[in-house]
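A, B, C and D are the chain letters, set down in written order, and residue numbers restart from 1 in every chain.
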Amino acid sequence: MNLFVSEDALIRWLDALLQERIVIAPVRVQGQTMFQPISKADSCQLSAVSNTTLSPKGWFLPPTETLFSVQRDDGQVELVPALVEQDAVLFGLHPCDAKGIALMDKPFLQEPGDALYRERRSRTALVGLACLQVQPECFCTSMGSAPDDPSNVDILLTEVEDGYIVQVVTEKGKSLLPQGLAEYKGKVPTPPKLPAVPTKEVISAMRELFNDPYWEQLADRCLHCNICAYVCPTCYCFDMRDYADKGKVERVRSWESCQSPGFSLTAGGYDPRTTKGERLRQRFYHKLLYFPEQFQDVACVGCGRCVRACPVNIDIREVISDLQQVTEAKSGS
Amino acid sequence: MELIQQIRDKARKLLEEGAVEGIIGYEQASDGLTSRPLFAYDPSATERLIFDETCAHNLVKYLLDKKGKKMAVVVKPCDSRAINLLLNEGQIERDKVFIIGVGCPGMVETNWNHKSETLQAKCRSCQLSKPLVYDFLAGREIERQAEEETYSDITEAEAGSVATRREFWLEQFGRCIRCYACRQVCPGCYCPVCFAERLEPLWVGIRIAPEENEMWQTIRSFHLAGRCIGCNECERVCPVDIPLSLLNRKLEKDVKGLFAFQAGLDPEEPPPFATFKKEEKLEFGE
Amino acid sequence: MEYQPKVIGFLCNWCSYAGADMAGTSRMDYPQNIRIIRVPCSGRVDPLFVVKCFQRGADGVLVSGCHPGDCHYTEGNYHTRRRFALLREFLDYLGIAKERLRVEWVSASEGQKFAELVSDFTSELAKLGPRSKI
Amino acid sequence: MGLESPFIPYLANLKTATRLTPDIKLLSVELEDPDIRASFDYKPGQFALLSTFGEGEAPFGIVSLPLQKDGLEFAVRRIGTVTRALHELEPGDILGVRGPFGNYFPLEDYMGKSIIIIGGGIGMAPLRPVINRILERRDDYEELVIINGARTPQDLVFQPEFSTWMEAPRTRLELTVDRGDEHWKGRVALVPDVVKELAPSPDNAVAIICGPPIMIRFTLTGLRNLGFKDNQIVTTLEAKMKCGLGKCARCNIGEKYVCQDGPVFTLEQISQFLEQP
């Protein structure tokens, strides 16, 4: 049963949420939109068209966080785990980002689960916003999501005339709702169409393409920076190190990417991936082959962020269609 | 377009004669609007070579991945200063590079799937009608009606208080996500192990936080002092739009002022930190 | 507790460190806010060290070497001069006041100059107040 | 969110640190909490992540046998920041232990077979518990051939145990070094050449090999020439590791995670990896 919330009611709702929760929402920062905690309702810039520069994964796997700190007093050592202090609500994320979070749940909640991640997930409600228009590089429908897919959020909003349709999906969502929302009887906007990207056929062929020179050639123009991994909602590799600062020791976890030079380099000097081609290939194989084999789902939600952000235009849709041509050429079909 | 055809013909001839192993140029990007680097190894691929006002990438850095191979590279006037820098620092051998120079109309501000009409800031003040060094000039020299580079934005910031500048830079550095694209794209950044990756001593560390970001950006830009050739690729590739040229051009202005030197103009002249003048005082009294 | 600025001093082994030593042996007292790091030559001081000092909370950094022309390695301090002329400007531009970084020439016999230099630098930093921590 | 986070190590303290070679120390570590100590069960081939608080963590094979009186033992070669800190630990100092992780050498399947153990330098470390477990149940196995190579005589690892290994029934210990010194009377030869010379029979045998990649590559050809099939050759892979929990993907090689699917693999399994280590 769909409800309706007007523009003003939404502002009041956000203010109410701000009283008891951290609210993370899209905010305008230097000409870009970023997910950030907001202090007042009107800094929230809901947009049913474009995506934020960075995905909202940063709330569940922050760029940097302390896992635990080491308390030392007279020889005694105590490990104090980081705690999640407050409930939160992630407001205004599109269905592709919500799917990204659901995909990241698979490795992080798989036993033995990451307690910090699990705590944040359980104490954060997801209020999604359906897409009315899509950007040219979106291809979520080819990756098992859709502009109006409510499956990974607690509430899904859809923008209509002076307000939003409120589709309650979970109990957690229901508990968030303001009182007295009227039922929405109007027309639900039809989701926009998206171009299809032939992922299924390509994934089955990827085993044979591992040693194809395509990867070395594609990597020629790659800069090997970490942009694609850091903007991506489903890249979750991380690094861990200790910080000893004036007697206080903390174990810190930070984002890392398989494109970084030391990613797979061992202290003894052994590194299975030293060339540019090998590292670029690892990113596509982890997303399109290894993750699906481990978790039965492709680690790409078709949000198009890597396509927009890559300085040298390594476009995952083009890679997938190139792979299809390479397979056809190989099998002579 | 006559310029493009000249580039394609020259590239094809170089490959067919075996004069070079590959061509590094530009081709159309998958948004059908902007461009991207192209590596052509067989003559047929040279048909994809283009050159227009979206070819902002500085292709010279790619030569560092192809050391020992004879490559041809399409070079704009500003990019040619990177050739001089890398020659001066012994990173490339002149006889290993065939330079296809182009007269440059100036590059426009582009973003993915978006091409504006406004020239990039570096192009508005560019006086180079053709590359400083080349083996073949495609198209012709293009006289630049350039505005004088007055560094007005820098002097304006310098006029402000230390506190306002501190606040400005903390906010900018606070947004850095340490993707290192500014390093990976820069022709002057080629250390085998970057100081940011050293563990002992831990100069920067893995925390992506304002303090570590400030350490990273301060030293990265200072390592380019007297070496940055102003191609401004670092600012263009930054995914969070940090105005990195405000760092590079501040150092460029001060190096000009203190040492009357500009990077990449002459491959023989030693850069400022590799030499000195006994009699210069530099505000330290003696 | 009245604000005590933290000062790091990079002193070249042949001149400034000896000068500081002389100040000590001839009982000249100077504020103990300074922590001295001995380096073979002022030319050994990498701008990376100075920026790291500021990042870790130093309020002031002193780089001190032989007078230009007296360098034990003939040209070390010429390079120091160039590096820190630029770095001082750059740090000021980034919001670390240029008064917080000083480059001085102190010879082995100038213990008095060293003592005065440290107390003058410390009082100037006290006036500037603590750096706004991130 | 209590202590059950898998990233938080168990506290342990160093009991003894004995120097085995100029850059390798044998650390004997005891878990502080008695219940954890009792329940910390593992098999030869499994590893743990050791923490020195202030540097970080690194993976080390557990070289002791479970329920052994002197606690968990690790052979640590000084090569990076964490290993340097581990080498500087004094008895009684606190460190962190996470684990046990990974699979193990399926020694039960090797019962009734001859075992050829080939180790190079620190590569001997993960093989030590295998040897000691076989000696514990000597009658369950046929011939036991141990080839232990190193660069120089003082780099040979686990020298205090050579005599027990040598005197064990139906056991043969061959030591070899790349470069001898004035009072080295033993063999001076590369490990692959020693394997070729001893020519162990592949019938009803398993070869377990661990060491620097170069040694493994040449020894493999030797073993294959002797008739060993890839499913008769087992090794333990070295990889970059951070979490040990199959999450951070640092040890992801091909579709495998060395920290969970390995580190012990047969050559047959490795040859089917999409990406060759």
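The working rule: contacts are C-beta pairs under 8 Å (C-beta built on N, C-alpha and C of every residue); 3 or more make two chains touch, one makes a residue touch a chain.
Quick caveat: nothing in here was measured; it's all calculated off a predicted structure.
More C-beta contacts across A-D or across B-D?
Result of the comparison of A-D and B-D: A-D.
Let me have the rounded angstrom distance from the C-alpha centre of chain A over to the C-alpha centre of chain D, please.
That pair's centroid distance is 39 Å.
Using mean CA coordinates as chain centres, what's the gap between chain B and chain D in Å?
Chain centres of chain B and chain D, defined by C-alpha means, are spaced 49 Å apart.
Between chain C and chain D, tell me the centre distance in angstrom, where each centre is the average of that chain's C-alpha atoms.
So the centre of chain C lies 51 Å away from the centre of chain D.
I'd like the Å distance between the centres of chain A and chain B, where a centre is the mean of that chain's Cα atoms.
Their C-alpha centroids are separated by 32 Å.
Got the chain D residues that touch at least 2 other chains?
Residues 80.
Enumerate the residues of chain B that touch no fewer than two other chains.
Where chain B is concerned, no single residue meets two or more other chains.
Which residues does chain A have that touch at least 2 chains other than itself?
239, 241, 256
Hey, how would you classify the chain contact layout here, line, ring, star, complete or other?
Per interface graph, the chains form some other shape.
Identify every two-chain combination in which the chains touch.
Per the contact definition above, the touching pairs are A-B, A-D, B-C, B-D.
Within their complex, state which residues of chain A touch chain D.
Result: residues 67-68, 70, 72, 75, 77, 79, 81, 83-84, 107-108, 110, 112-116, 118-119, 207, 210, 236-242, 244, 249, 251, 253, 256, 258, 263-268, 270-273, 278, 282, 285-286, 289-290, 293-294 of chain A touch chain D.
In the complex formed with chain A, which residues of chain B make contact?
29-31, 34, 36-39, 57, 62, 65, 111-113, 175, 177-181, 183-185, 193, 197, 205-209, 233, 236-237, 239-241
Considering the complex alone, what residue numbers of chain C touch chain B?
It is residues 47-48, 51-52, 55, 67-69, 75, 78-79, 81-87, 89-97, 103-105, 132, 134 of chain C that touch chain B.
State the interface residues of chain B toward chain C in the complex, per the touch definition above.
Going by the criterion above, the answer is residues 154, 157-158, 162-163, 165-170, 195, 203, 210-211, 214-215, 218-219, 221-222, 225-226, 250-251, 254-255, 258-259, 272-273, 276, 278, 280, 282-286.
Quick one: which bits of chain B touch chain D in the complex? Just the residue numbers, please.
Residues 199-200 of chain B touch chain D in their complex.
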